[in-house]
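There are two complexes below, and they share chain A, which is joined by chain B in the first and by chain C in the second.
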Partner chain A sequence: MTINQDTALAVARLARLDPSLDPVALDKLTQDFGRIVSYMDILAEVDTTGVTPMYSPMLEPLGPRPDEPKEPDPQKAEALLAAAPERSGRFFCVPRVV
Partner chain B sequence: MSELWRLNLAEALIGLKKGDFTAQELTQASLDRLKAVEPKVKACLAVLEEMALAQAQALDKAGFDATAPLWGLPVTVKDVFCLKGAPTTAGSKELKGFHSVFEATVVQRLRKAGAIIIAKTNCDEFAMGSSTEFSAFGPTKNPWDLTRIPGGSSGGAAAAVVAGEGLGALGTDTGGSIRQPAGLCGCVGLKPTYGRISRYGVVAYGSSLDQPGPLAMTVKDCGRLLAAVAGPDEYDSTVSKIPLGDFVNPKPLKPTELTLGLPTELWPNDLQPEVAKVLTEAKSLLEKAGVKLVKLDLPSLKYAVATYYILATAEASTNLARYDGVRYGLRQEGAVDLDELYAKTRELGLGPEVRRRILLGTFVLSSGYYEAYYKKAAQIRRLIFADIQKALTACDFLLSPVSSLSAWPLGSFLDDPLTVYQMDLMTLPLNLYGGPGLTLGAGLGADNLPVGAQLWGRPFDEERLLAAGATLESLWPPLGRPTL
Partner chain C sequence: MINMEPVIGLEIHAQLNTRTKLFCSCPVGQKAEPNAHICEICAGQPGALPRLNEKAVELAARAVVALGGTVNAFSLFSRKNYFYPDLPNGFQTSQLDPPVGSGGGLNLALADGSEKFIRLNRVHMEDDAGKCVHDEKRDRTLVDLNRAGTPLIEIVTEPDLSSSREAMDFLKQLRGLLTQLEVTRGRLEEGEFRCDVNISLKPVGSETLGVRTEIKNLNSFRYVGQAIDFEIRRQTALYAAGYAIEQQTLHFDHLKAETRPLRSKEEAHDYRYFPQPDLPPVTVSPETVAAIKETLPPSLESVKEKLIASGLTLEIVNNLTATPGALDYFLAALKAHNDPKRLGTLMAELFLPTIRSKGLAPSEAKLTPPKLGQLAQLLAEGKLGKRAAYEMFGELFASGEDPLTLAGAKGLTLVSDAGPLLEWAKEIVAANPEETKLYLGGRKKILSFLVGQVMRRSQGAADPKKAAQALETVLGALSQ
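After this line comes the complex of A and B, so read on.
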């Protein structure tokens, strides 16, 4: 598959990246992206009819854990909020959404 | 300066037990060595001197504890492990100055075992890279030749071990990130089975591939570190309950008890001549000692690199969605809306290799391409798994090179990501498979650079893997340490 700059920018938007901030880097990124995707196209030659996808190498099935309530730790909550670039009381702040 | 930093973990533990030196003396010797060589090697992102010396003092005061298997032993951890009281950056500007509010399970277990963490080591940003050149804080240098890369992504960990900055280290391995730098720096590195060690508190890259593991100067030391950190954890449900085995004193395996499989796909004719020469000699030493070597085929490995880079980048794009400038880490100011905040923060905060992998991962997961790339790769992963599984029924372990090249000059492949991805062929199939792998030095090349070899084992067979590794170690020439 061929990757052009429009495709690279469209995927970047989905990834919440903005390569248009650096036009030189965008060119190189598009080229590398295209080369790598072309290489990945090698997989098309494998017949995978009826093969179950393997998403994890775990040999044992994952079961549910017991639902056990734990005491909240207010200090931990405060420490987590303290790491925010901007906060207001118990909330994380972001620029206007609407 | 005290030469105690030269000891390996097992030797140091004997000395501590006998009272030949104290935990403080040993820790101070490692810290002094670190300070002396660090300007050249640049293996560490944070040195925890005060914390380490305070811990050593507390241990000495309490007295030697034979129930603590790493009592008083100075070690390092890769900067992807969350640790209280020190920053956790994962080699990224995005996390510069970030302090975790909790500790990784393995860090807690190291401390409980009596280990003293003296530094956090450098790595490629978010563990994505094979050379440590993609650390936002500059590359680590190979202690054998400071103009060359140490491998990666746990390049800081491997370089630190070889340079004597700590007696052992913990790294992580998603596609070879422990085994390849261990091979290029000339130490021992173990990627345990997926699910052997908790990933809680480890900065995530590819969650079905990531696995923490030890690096040290000897196979036995790696076993000792593994024993201290492995096993079930209530905070990581993917950790297996399969019994651990005796990693500290595994039942020895004689050379004549070993059959090693040599996959033709991993022994190409175009290995670098220095690498080929050392490995040919290493194989000949094994055969002379009675190890049986058998050739076999793993045809699906032709697709391993493409499969891996689809699955790993897909998982990375999901895991790294959390770096958004909202809850922690870097935020680019001046965005007019939320979308711009995300895009600017990520574009300007993440490095080129990380952005490239996020982009690839987003692409293979996107509507219209998911079936052709992501699902297809997951199906081929099953074929690769079956191939390796079958190969491991015909022999005890597989034996392969770790890298087709010895440590290359810094900057050689920075503009050629695809070539570097393809060089990971020697290591990444094991992460797709999930089994354990052990790298150890096979010898020094004519260029005075280490050449590593790698054993591949069946899942949860670390005890026998360590035993086989110790047998190979006894048959191959010791690499020693470089002069710095």
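After this line comes the complex of A and C, so read on.
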């Protein structure tokens, strides 16, 4: 797969990044992006004919858990709020979206 | 102009009736301060490992079985990538392929008494997003993640519906079934049951579907109806004027009763689904499916058939099954008065409209099932007239009092004592010589006119059956 500037711009838009990059930066980004993706192409060289797809890398996955609530931890909630770039009282705060 | 017909499909989101979130042990469905019920997992912190709630899988499988679908022994969670502040992970954990359930459907009861099978495409599990609140004062958005991670099932129908009425009836029936099975609490005002509508027009008889639009996030049956009707009118007008329909996502403005574009096509999301590596595949064994089948209550279909056989109309039966808890209430009331038809009518005409207008569940009403049964009993015995029953119902519902006591206190019980009835009968016979003559001459049907006169004279207080007997006594004496 090759990455051109259109693809790079489309991905930037999906990631809500400012697509009005200067041409030099966009060119560099496109090349970086292309190199990462073509590195992954190495995987495509392996012949996987007849191999069962692996759905999870975990050999002993965690099974499901019972539906039993844990007591909410106010300190944990507070730590999560405190870690946010901006908060307002008990809310996380972001630039206007609605 | 070519005649067009609407083609409608629904995507229904129902919150699963669990105590905890889909991937962590934070409680769900409880009132709390903003962001009180959050942890590293549902707040999307790096390195947190989700762990699936087994109850959510059981409830999802239960819904699939009850809807006649296939529970897939093996299904996968995938990441559905998009950015929005109420989605802290940057992706929704959903199921693409294979989902927990495939196929199935529901027999939709139509207004004319016939049925239409609405096919389901799939049922899949996913987590809900948090909530955004707009801060008017400072022009910014506030985010509460208490709801983030709440387990949902999404039920996707085939485009088998053809009117707003069908769509609304389907949703009511589906909600009735899922709440009866306790798969979801299904409270619309809490957002526990909401839907997206896909709608397009096609030439009548054609197999080719037109370009569709999607109306997002409707949380009331009435809005679903209004949004579909508006969208049919809008698309029809565009076709008539020769314009193409644009594929787009719409929002329904219930104040203006119109749809408006939510996102234009250029911004349509490219979700870039891929299997969620942090979660193992979901497995449901054939034994689990068999166990679910065993515990399912008799299907709604068979309960409905029984009720119709007992003399209830399809409309009343649908009314009883569409309101969560109404059927249980009805069955409990039947123990006090075993006439399904009379009781069903009281439920449909008085009880259900009242609880709906007050936003109560049947079990929350002060008027208990035995008391409603007693009210039906009083009507059956002729101790209370229909009009009087309807007149006092509001008060009876509010107080939960004994119906006979309340009717007595309000002077609404019917007079069935021979004394006053004979007096009224004599009075009416004397005042209507023409009709009396006709009756005595063999026109027995005239009796109902005379009964009407007694009812009028007694200002509705006479028991009509007993009044007829009194009149027959008086008239019988005259003929001898």
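Throughout what follows, the second predicted complex is superposed on the first by the 63 of 98 C-alpha atoms of A that agree within 3 Å, B and C clash if a C-alpha of one lies under 4 Å from a C-alpha of the other, contacts with A are read in each partner's own complex, and residues count from 1 in each chain.
In this section, a contact is a pair of C-beta atoms (placed from the backbone, for glycine too) under 8 Å apart; a residue touches a chain by one contact, two chains touch by 3 or more.
Model, not experiment: these values are computed from the prediction.
Applying the stated contact rule after C-alpha superposition, one finds that A:Leu80 touches each of chain B and chain C. Looking at the superposition, the partner that touches the larger set of chain A residues, chain B or chain C, turns out to be B. Within the superposed three-chain model, A:Arg16 lies in touch with chain B and with chain C [touch as defined at top].
Of the two partner chains, chain B and chain C are each touched by A:Val97. Legend: residue contacts after superposition of the two complexes on their common chain; A:Ser88 is shown touching chain C, with no touch to chain B.
Once the two complexes are overlaid on the shared chain, A:Ala8 sits against chain B while remaining clear of chain C. Residue contacts after overlaying the shared chain place A:Val46 against chain B, while chain C stays out of touching range. Applying the stated contact rule after C-alpha superposition, one finds that A:Pro69 touches chain C and leaves chain B untouched.
In the superposition on chain A, the residues of chain A contacted by chain B and by chain C overlap at 14-16, 55-58, 62, 65, 76, 80, 92, 94-97. Taken together, the chain A residues at the contact with chain C in this complex read 10, 14-16, 55-58, 61-70, 72-74, 76-77, 80-81, 88-98. The residues of chain A lying in touch with chain B in their complex are 8, 11-19, 21, 25, 28-29, 32-33, 35-37, 39-40, 42-44, 46, 48, 51-60, 62, 65, 76, 79-80, 83-86, 92, 94-97. Those residues of chain B whose C-beta lies close enough to touch chain A in the complex are 98-99, 101-102, 194-195, 208, 237-238, 240-242, 302-303, 305-307, 309-310, 317, 321, 324-331, 335-344, 346-348, 350, 352, 355-356, 358-364, 366, 372-373, 375-383, 385, 415, 417-418, 421, 432-434, 459-460. Those residues of chain C that touch chain A in the complex are listed here as 18-20, 25-27, 32-40, 43, 45, 49, 51-57, 76, 81-85, 132-135, 138-145, 269-270, 272, 275, 277, 279-281.
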